[in-house]
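Following are the structures in question.
The same chain A turns up in both complexes below, where it pairs with chain B and then with chain C.
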Partner chain A sequence: MSLVNLDFAEELKEYSGDTALECFNCGTCAAICPLVNDNFPRRMIRYIQVGAREKILENSDELWRCLHCGLCTHTCPREADPGEIILGLKRFVLANWRKS
Partner chain B sequence: MSEKNQNVGVYICYCGGNISDHVDVEEVRNRVEKMPGVAVARTEMFMCSDPGQEMIIEDLKSGKIDRVVVASCAPSLHETTFRDAIKRAGSNPFIYEHANIREQVSWVHHGDTATDKASVLIASATAKAKLLKPLEPIRVEAKKHTTIIGGGVAGIKTALDIAQKGIEVTLIEKSPVLGGQLNNLDRLAPFGEKASDILQELLDQILNHKGITIHTDCKIEDVTGYVGNFSLDIVTKPDNNNINKKITIDTGAIVMATGSVSYIPFDGEYGFGRHKEVITLKDLIHILKENKSSGTALEVNGKRIKNMVMIHCVGSRQIPGIHHPKENGQLNEYCSRTCCAAMLNASNQIRANFPETGIYEMYRDIRTYGRGQEELYNQASKNKVVFMRYDADAQPEITLGSSSDYPLLVKIKDSLTFNEQMEVPADLVVLATGIEPDDVSDLASMMKLPIGTDKFLLEVHPKLRPVEFPITGVFLAGTCQAPMDVGEACNAAGAAAVKASALLSKGYIELDPFVAQVDMDKCQGHGACVEACLKEGALELTEVNIEGKIHKKARVTAAMCLGCGACAAVCPEKAIDINGWALKQYEDMVDAIVSDGFAA
Partner chain C sequence: MFNPRDIIEVLAANVRQTKSPFGIPKFMVNTWFKDLSLHKEGEYLLFTGLMYQFSPFIETSTQYLEKYEDTKTADYLKYAKWVPGYISGIGLAMMTKGKEKRKAGQPLKNIVYLLQKSKVDFGYRPELDDYSGILLYDMGDQKEFVAHAKKVAQKLQSAGIKKIITVDPHTAYALKELFPKYTGISFDVKPYFELLNFEPKDCSLEVTLHDPCFFGRYLKASDITRKQLSNMGISLTNIRNQGEFTSCCGGPAESISPSLSNEIMEKRAKELEEPGKPIIAYCPICLGNLKKSNANVEDLSSLLARHV
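Moving on to the complex of A and B:
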C-alpha cells in the first residue's frame, strides 16, 4: 500500500522536467531498455505520474543500474524523455536519501 | 378455381455454387419436372439476376404457368424480389411460394441427402403453390397525424422532422417542461456546445410550429387501435380549479421517445449517501453549469477542491456475482457509452479553468468510441489528469481520510501501476453514473411493446430495422432504446421521423394479406376463435341479419390480425382460415413431404 503524495509533482520540479505526465504507459521504454530489470524505466515514470514518492525512494537502487544509453528517450512515442526523467530522479533521491 | 388447372413453374437456383456444390441441381430439376402440376422446371446460375427474373416473367406472360415456386436462398433475402418480378409480368404477386434450399439444405447437408431434401422441400412448396389464390394487399386508411411520446431531444427532433413533411404532430410530455435530460446537461461532449443553446434553438422551432400540438404534464391512460388509426386517451394534471382535462388523440402513427434517467447509486455504493463529498456526474455537471466564478480551484459548497477522484462505470457494465443487483434483481450489464466522454469533458473543463484542482480518473476501460471523443482523452492527458485503472472484481474503496484537507481516501489496486495498491487522498469523489431507461413498463404492456432484458425498449432488428417495433405504425427513438448521446438520439429521431412520414404519406397503408378470413356460410358463431385470438380487437362476434333471422358470426379486423392461425386451430366448423396459409395447404405440404416418390 502506498499513499499518493499530491504535491510530489511540484516537489520534483526542482530536480527534473515535468514530461512524466506525457507518458501513456505503452511500455516501449521498458522493452527497449538493455537492462533486464522488471519494467524499468516505465515503473519509475508511473510512480511520478501517480505521486508515489515513497515508492521511488524505496526502489531507488534501480536508478543506478541505468546505463544512460538513451534508447528509451529515442523510442518514446510521446516524447516523455524517460532518460532525462531517470537522471532527474537520481538528483531527487540524492537530495532526499534517508531524510525521513 | 380448380386446383387441377394450376400450372406451377419451378425455378431452381445454383446460387453460383452455394447451392450447386452440394445439391445436384440438374437431378432435382429432373425429379421436379415429373411432379404433378409442374408445367416447367428450370435452373439458373443466379435466379435473382436479371436473366433469372426474365425467365419467370416470360413463362408467366406466355401463359405457360400461373403459379411460381423459386427454390433458392432464405425468403427473407429475395421473396420480395420475385414477387416484384411477378408483378412486372402483370400477375398477382401472391401466386408465389418460396423453397429455401440454401440455408436449410446446401449449407447444412451434403451429397445425396442434400439433393433429396431439396427435392422434398420443392415438392412441398409446389403442393402449397397449387392452392395459392391471388390476394390483394389490405388497404387501411391512415390518419396523417403522428403522436410522439416524450418531449426530450429525441421527441422534439422527431416532431419537427415529421411536421416538416406536412404531417400533423402531437407531442406528449409527462413532466411540466420540454427538453428532458438536456435540461440537466451543460457543455456537451465532445465538441462543447451548450446544451441550453441547443434546447433553446429546438424550443424556438417547436413552440412556433403550427403543425405541432404540445401537451406537457400529462399521463397516458389508454392506447387502442392499429396502424393508421390509433387512439390515445391522455389526462392532464389537475389545474388551478383542480380539474383534470381528458383528451383523446386520434393518430396514424406513434413514436416512443420516452428517454432515460441517470442511475442513482445505492446507499453506500462508493460511499454515496454516507459521505457528502461523494457526488454523481450529474451533480458535478450541475455544479459546473451553475458555477459563474473563476478561480484557481473549483469550489463545491464553498470549499476549494484540491484533488478530486472520478470513478467510471458506476451502474454500468455490472457483472453478476460481483455487482450489487437492485431489489428487483436487475443488473445493468450494458455500457452506458456516454459517461466516458462526459467525464473527460468535465475533467478538461475543470483542468482548463481551475488549474489547482487535481484530477484522478479511475476507469475499467476508456471507451471514447465516437468522432472527436479520443481527442478528449488526449486533451485530458495533456491537462495532466492522472489515469488509474481498476479491474471489475477489485473496485476502488472509499474510506475516511486522516487529514482534514482530504476528508476521503480512495484505495485502488491500480493495474497501470503493476497492480500495486494505491491510496489517493480526495476532497471530492465523482461517480460516473450511467443511463437507465425511464420506466415505461405500464405503457409498454398497454401497447404490447417488447422490452429487452436490459429494460430498454426493443426494436425489430438492431441493424436492419432499428427504429421500428413489431407493431406496425409504432416507432422508437433516442435513449428509451439504448444509451445514446445527443447526436445519436437526433440520428435515431430523424430515422423514426422518416419512417413515420413515409408510412403516412399516401393517406393509406397497404398490409400483407396473410390474415384470417371467415367463411360466412360455415360459421355457426361458437366464438371459440374470439377466445383463442391473441390480438385484442382483431376478432369479434357480430350479429348478422340473414333472411330476417339474427345470426352470430365472427368478424375479422384485417388490419389488426397477426395471421397467427390460433383461430383456425380451434374452429370446430373449420370456418376460419388464414389467407395464403390455409389448413388445406399445410395438409398438402405434409402429404408431399411424407410421400415416397419425390426424394429419389
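Moving on to the complex of A and C:
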C-alpha cells in the first residue's frame, strides 16, 4: 500500500495551479480524452486529492502519453483544468528525476 | 513507448546546443526564402518558428523511432544526449530527402504570396526566425523552455520588433500566451490568416476542415479561418469534433510513442474522411501526421493560394 502524503498538494504548487481540489470526479475528462486509457487523467487528479504522491511517481511514464490537446480542460464542468494539471505533474516528475 | 526522460534530455540538450529540438543547424533547416526577394523591414515581422521547416525531419526521425519503440535498442536513447546535438542533427538532415525539404517550404511561400496579395506590410529576417521552444514546454521541461524562450524573446525585443505574424498554432500559442507569462516580453501576435483580405469569390467548393488543438481550442481562432473560407465561397462539411471541440491528430505523441500517435491519427483521419471531401489542415504537425494515413489532405495556405 502506498503512503499518503498530506503535504503533496502544497508541494505541487511550485509546478502547477492548485485546481485539483475543484475536481468532483465526474469522469468527463477520462471519457473525452483521446487516449481512452484506464481513467486517465481523472485517476491522476484523484491521486493528488488523496495525497498519493508515490502512486504518481510509480505511474509517471503515463503522463507523457498526454497530448496536451486541452479537450479535458475545455469540457471539465468544474473548471479543474485537468490538462494543465497533467502538465504540472510532468514538471513535478521531471524535477524529481533530475534530483535523483 | 520510449522512456520520457531519455527523450526530454535529448531534446533539451539539442535546444541548448543548437536552438533546435532535432539538433539540426538553422542554415540546413531554414532555406525556403532563398529564392524569394523579401523585404527585411515592415509593420509586421513574419516569424515562422521553423515548425513547417522541421516537418520532413520529424518524419524521418519518427520512422526510425517507430522501428525501435519497445525494443531493447530503445534503451540506448539515453546515451544520445552525450552526442553533440549538431552531429546527430546533421545525420538526421542527411537522411531526409531534399525533395521533402523543398516541399515543406511550399506552405511558407504560399503564405508570403497570400500576405502580399492582401497588401500586408511585412518583413522577413531569417536571423530573427528561431524555434519557440514549445516542445520543451509541452514535455514539462519548464526550466529549459523558459531559458530558451527568454533568449528568443530578448533577441526580437532588441531588434525593435513589436508586431509578429505567425504561421503555425504551436508557435502562435508560445508567442501569444507563453512568452508574456514566462519571459515578461509581449508582442502583438497575429496568425497569417487573420490578416488576409481578398475580394469575395465563389469557388463553389466543399472541404473538411481539421482545426488544430492550439488554433481551434487554445487560441479560439477557428472562426477566423471559417470566415476566410466562406469569403472564397468554400463551404465546410459538418464533422463531429471541430472548432473549440476539435480532436487531436495524435502528432504530439510522435516522439514518445509513435504507435500511440498512429492509433490516434487513424481514428481522427477516419472521422475526417467520412464526408468524402478534401481535408484541409493548418498546422505542419497535423498535416504531416494526417498524410501518413494516405488521407487526401493539404495545407490551408495551398488551398487559398490556388483560389485567390
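Just so it is clear, the second predicted complex is superposed on the first by the 97 of 100 C-alpha atoms of A that agree within 3 Å, B and C clash if a C-alpha of one lies under 4 Å from a C-alpha of the other, contacts with A are read in each partner's own complex, and residues count from 1 in each chain.
In the analysis below, contacts are C-beta pairs under 8 Å (C-beta built on N, C-alpha and C of every residue); 3 or more make two chains touch, one makes a residue touch a chain.
Predicted model, so just to flag it, every value in this text is computed and none were measured.
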### Message
Using the superposition on chain A, tell me whether chain B and chain C clash or fit.
### Response
fit
### Message
Just checking: does A:49 make contact with chain B only, chain C only, both, or neither of them? Give me first, second, both or neither.
### Response
first
### Message
Looking at A:24 after the superposition, I want to know if it touches chain B, chain C, both of them or none. Which is it: first, second, both, neither?
### Response
first
### Message
Once chain A of both complexes is superposed, is A:68 in touch with chain B (first), chain C (second), both, or neither?
### Response
second
### Query
Given the touch rule stated above, what does A:39 touch, chain B (first), chain C (second), both, or neither?
first
### Query
For the overlaid structures, how many degrees, to the nearest 10, lie between chain B and chain C at the C-alpha centre of chain A?
140
### Query
Given the touch rule stated above, what does A:6 touch, chain B (first), chain C (second), both, or neither?
first
### Which of chain B and chain C A:91 touches, first, second, both or neither
second
### Message
For the superposed arrangement, tell me the lowest C-alpha distance between chain B and chain C in Å.
### Response
24
## Note on the structure
In the complex, chain B touches chain A at residues 306-307, 358, 360, 381, 384, 386, 388, 411, 414, 416-418, 420-425
### chain A residues within the chain C interface of the complex
15, 34-35, 60-61, 63-65, 67-71, 74-75, 87, 89-91, 93-94, 97
### Message
Touching residues of chain C toward chain A in the complex: what are they?
### Response
1, 3-5, 7-8, 138-142, 213, 217-218, 244-245, 247-248, 250-253, 256-257, 260, 264, 267
### Query
In their shared complex, at which residues does chain A touch chain B?
1-4, 6, 9, 21-22, 24-25, 39, 43, 46-47, 49-52, 55
